[in-house]
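To start, the structure itself, in structure tokens.
A, B, C and D are the chain letters, set down in written order, and residue numbers restart from 1 in every chain.
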């Protein structure tokens, strides 16, 4: 294996992030938080005293809906769609070992998506700070913190999707189904299992970093829910990321790609 | 001995009008929608839940307990108006069945069969709409009917036959209000892509997104229109308007249970106009997309 | 009444002209629509079905304008698309039944006809299995069945043998031949595979780059085969030398075929027989030149391209 | 045959309970080899195992002496043209080939030149800077071949490269594939159409229902059929006289006259019969217009080998 092939793999993976319909879907998704902020700002102009709450948008949109769905769109596009379209073979038959292809999928795509998410968060912050009330005064450091949290979560999600893509035959159904149930429905149910969802741990990380661990107005609907510590949440996320990354690399090494003829 | 010629014979006969063709399309489509494993599991769990509820209520009634949820038209209103399980269930079913209905036709090229037959784009759209709606009704209307019967059986109030009939109409209307816009919107998304999961994700995104954004807005702005942003609120508000307003006349266990009240002060035609608008725009979008796809192989 | 009439039909996709001023009259029978990839055959068929509007000109099927009466036209026409076409989760019976119902056939008729045509195309018990599990040949048969379920007056087949193995192809050609003769169905086959047309059609229409190149009966077009195609087993060079000695021009092809022409007219097969005896080779195959349509196709196309 | 480029030993591949390859052991020599069999015979599965995309359920395969699975050196030596189209539709053809070259370790400059050469080779330069989404079927086929040969692969796997191409394109592709052999590359071409393979090579491998049926030279396989009875159809103006003469010959088992001027002869010793037929006809002085046998072509070999 040559270094130029590895370089090409990184470039190629990055190039694919900015192509096709999925880019548009991601842009629409990432535009939602700034748009909501803009709406709130416009309303605050009309009626003095309407608070524009940047943290609320981050908590509910940037680190929840937008984050999970962006990861889902790209996660599926990285492996499942490639295998289904029949393009996966070209990349796997290159000069880079397969584990490296899986690794590049996750480690190249997640910083780029994190950058896009950061842009979205920064735009939200910028728009929200037009309004006099409700914007945290910690300055741009809060953006950096949010971006960090988002990139951690994205890495976990992408690793999971890459793993599912290589490991399962019905990879789309498995990965999307799991994420929908575990990450969307589970955090809405008042059970202890919500402590083990990526969404919750991400937001707990965020809670500790930006709200000093105070639950305050967040999670208030949940009765008897103990917020894990920063250490617990970061441990959970890093273990999940490492686990799925490893499993994904192993799965990539063992994935057989049948043609459409033999697939049934 | 008589030998009957069983080889290929020419056929001639009268052809039926267009509405019968659409009817056939719907029948075959529904059969196909039920073929999916996921859809079966989801529906089955819903029915288990509904029957479980009914069972518990029957047990309660054998102990001469009157339960608040059985009084008035609470029980099916509650079922149809709640976000969990009904809202989530309908969302998932629509993502599964609505999402793939046109996308799979494009991907497996069934459109070239449909449009080489004597149907127009509008017929196709109406057929698909009816198919997805009818399928979704099995997750709303049918359980609601079961609950209506259950209410009739065990509630302790005196309800006139007219009121019962009105309730029946209302729950049918409520189910349609929930299902029809969702089905059309899912079809619009479905015509976007050949890949069935894309429309599914987009629809889930719309549903959750609208609820979350509406939640943020409601909390921040505290204005009434913020509630209109949520898809679920719209359908519930419009559905609520259909029910007969009457006072519950019986003292029941747990009577502090909140009946779903129309918390949105807007008249019924506002959500109706919004949902109708979404449906219309979606329909036009599908027609426009199919115009593009009709030209392909 | 003519099965098909077009009048200076044109279709443009942006700058690309898929059909250019095509005026064509097809009286009926089994007609092969021949042309290379991108000749405009599929575009023509889609216009005939009313799927896409023509940029200019008009087309009529059985005298019915394809735009104004497109549903009527489609009730008279059966169409077999080129690419695979099915509804996942549906079995062949439901699929063909649906096709019949969409034409407007009543329930009972559609069910009966479904089984008749599935028997006719030779699909057995597999018809009750979901179609995504079918082999290419079976999918192709179902596509054919759904096109004839309502006994159309005109059958449009787009590349009916593409991707089939020899046996499946032979079966498909047999079906087409059978349906095109004596069943009262006119057939138009769009293809680039010449032997298919030879095996099934009486007339041929050759298209290239959206324009009509040539039209006529196959016999007329492929006539002029003055010579024989021979296959032998044994010493080929000796045979060729012996042929030369009998004043024959021989041309050996890569697929083992030897084309023999006579310098002076056609004095029968005697020289070939003699040459084979002299060269002590086995005469495995002897036939008048027939596969000249392929060459004709090539020459017609290059002529039309050079001329334009 | 120690110089075999591909060697398979007791290869099996299942998908669930479906068996795609059943106990295949074979050796493929350098040069062009045709992989022949009907749809679903296991050709694609075999190729994908040999290219390293599929792992066999049991057994081993060696390509150039090495296991292809997760073998980077093997990836660089081989090129694969898949049967079905899989492209990044938004990319241009040139970018596609260039990216794949870079993924195989070429520098930017090398990749640019290599892509240009490969596209020139398959005559796709005109369309190289258009998005793949706009390509026609023939262009897609060429692009797939271009990416397979761009990195100077010594061994090419072409899965159904000729399917769906019109005669003009097919002739071009056949020339191209033959030129690979002259450059010293080995090529494995799969097809279900016999005459495509016949035009390419003499060395074939025959698959049927996941089993290896025959391997070797077409001539060797041909000679197989001569150990079995043939029916030969002869057309002659004096059919009855010829029949009488033939019946007396010891190689002939049976003669029937299905139509006037037409004979059907059954022989148990085809080799001798074909040698004697011209002699007998000449001695009798009767014109033979046509000799043909359904049992004397590759389709028959195929039928015979697969149906026993």
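Throughout what follows, contacts are C-beta pairs under 8 Å (C-beta built on N, C-alpha and C of every residue); 3 or more make two chains touch, one makes a residue touch a chain.
Nothing here was measured: the structure is a model prediction, and the numbers come from that model.
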B-C or A-B - the one linked by more C-beta pairs in contact: B-C
Of all other chains, the one whose Cα centre sits farthest from subunit D: B
Between subunit B and subunit A, distance of the C-alpha-averaged centres to the nearest whole Å: 31
Averaged-CA centre spacing for the pair subunit D and subunit A, given as whole angstrom: 48
For subunit A paired with subunit C, centre-to-centre distance based on mean C-alpha positions, whole Å: 53
Junction residues of subunit D - those touching two or more other chains: 39-40
Touching two or more other chains - residue numbers and ranges from subunit A: 264
Residue numbers of subunit B (touch at least two other chains): none
Chain contact graph, described as a line, ring, star, complete graph or other shape: ring
Inter-chain touch pairs (all): A-B, A-D, B-C, C-D
Partner subunit C, residues of subunit B touching it in the complex: 6-18, 20-21, 24-25, 28, 31-32, 35-36, 104-105, 108-110, 112-120, 294-295, 297
Footprint of subunit A on subunit B - complex, ascending: 38, 84, 88, 92, 193, 195, 197-198, 200-202, 204-205, 208-209, 212-213, 215-217, 219-223
Touching residues on subunit D, where the partner in the complex is subunit C: 37-40, 136-138, 163-169, 192-195, 198-199, 222, 271, 274-275, 277-279, 281-282, 287-293, 296, 299, 302
Subunit B-touching residues of subunit C, taken from the complex the two chains share: 42, 46, 49, 51-52, 71-72, 74-75, 77-79, 81-90, 94-95, 97-99, 101-107, 109-110, 113, 116-117, 119-120, 130, 132, 146-147, 150-151, 158, 178-179, 183-184
Residues of subunit C that touch subunit D when the two form their complex: 35-38, 135-137, 159, 162-168, 192, 194, 231, 233, 254-256, 268-270, 272-274, 276-277, 280-288, 294, 297-298, 301
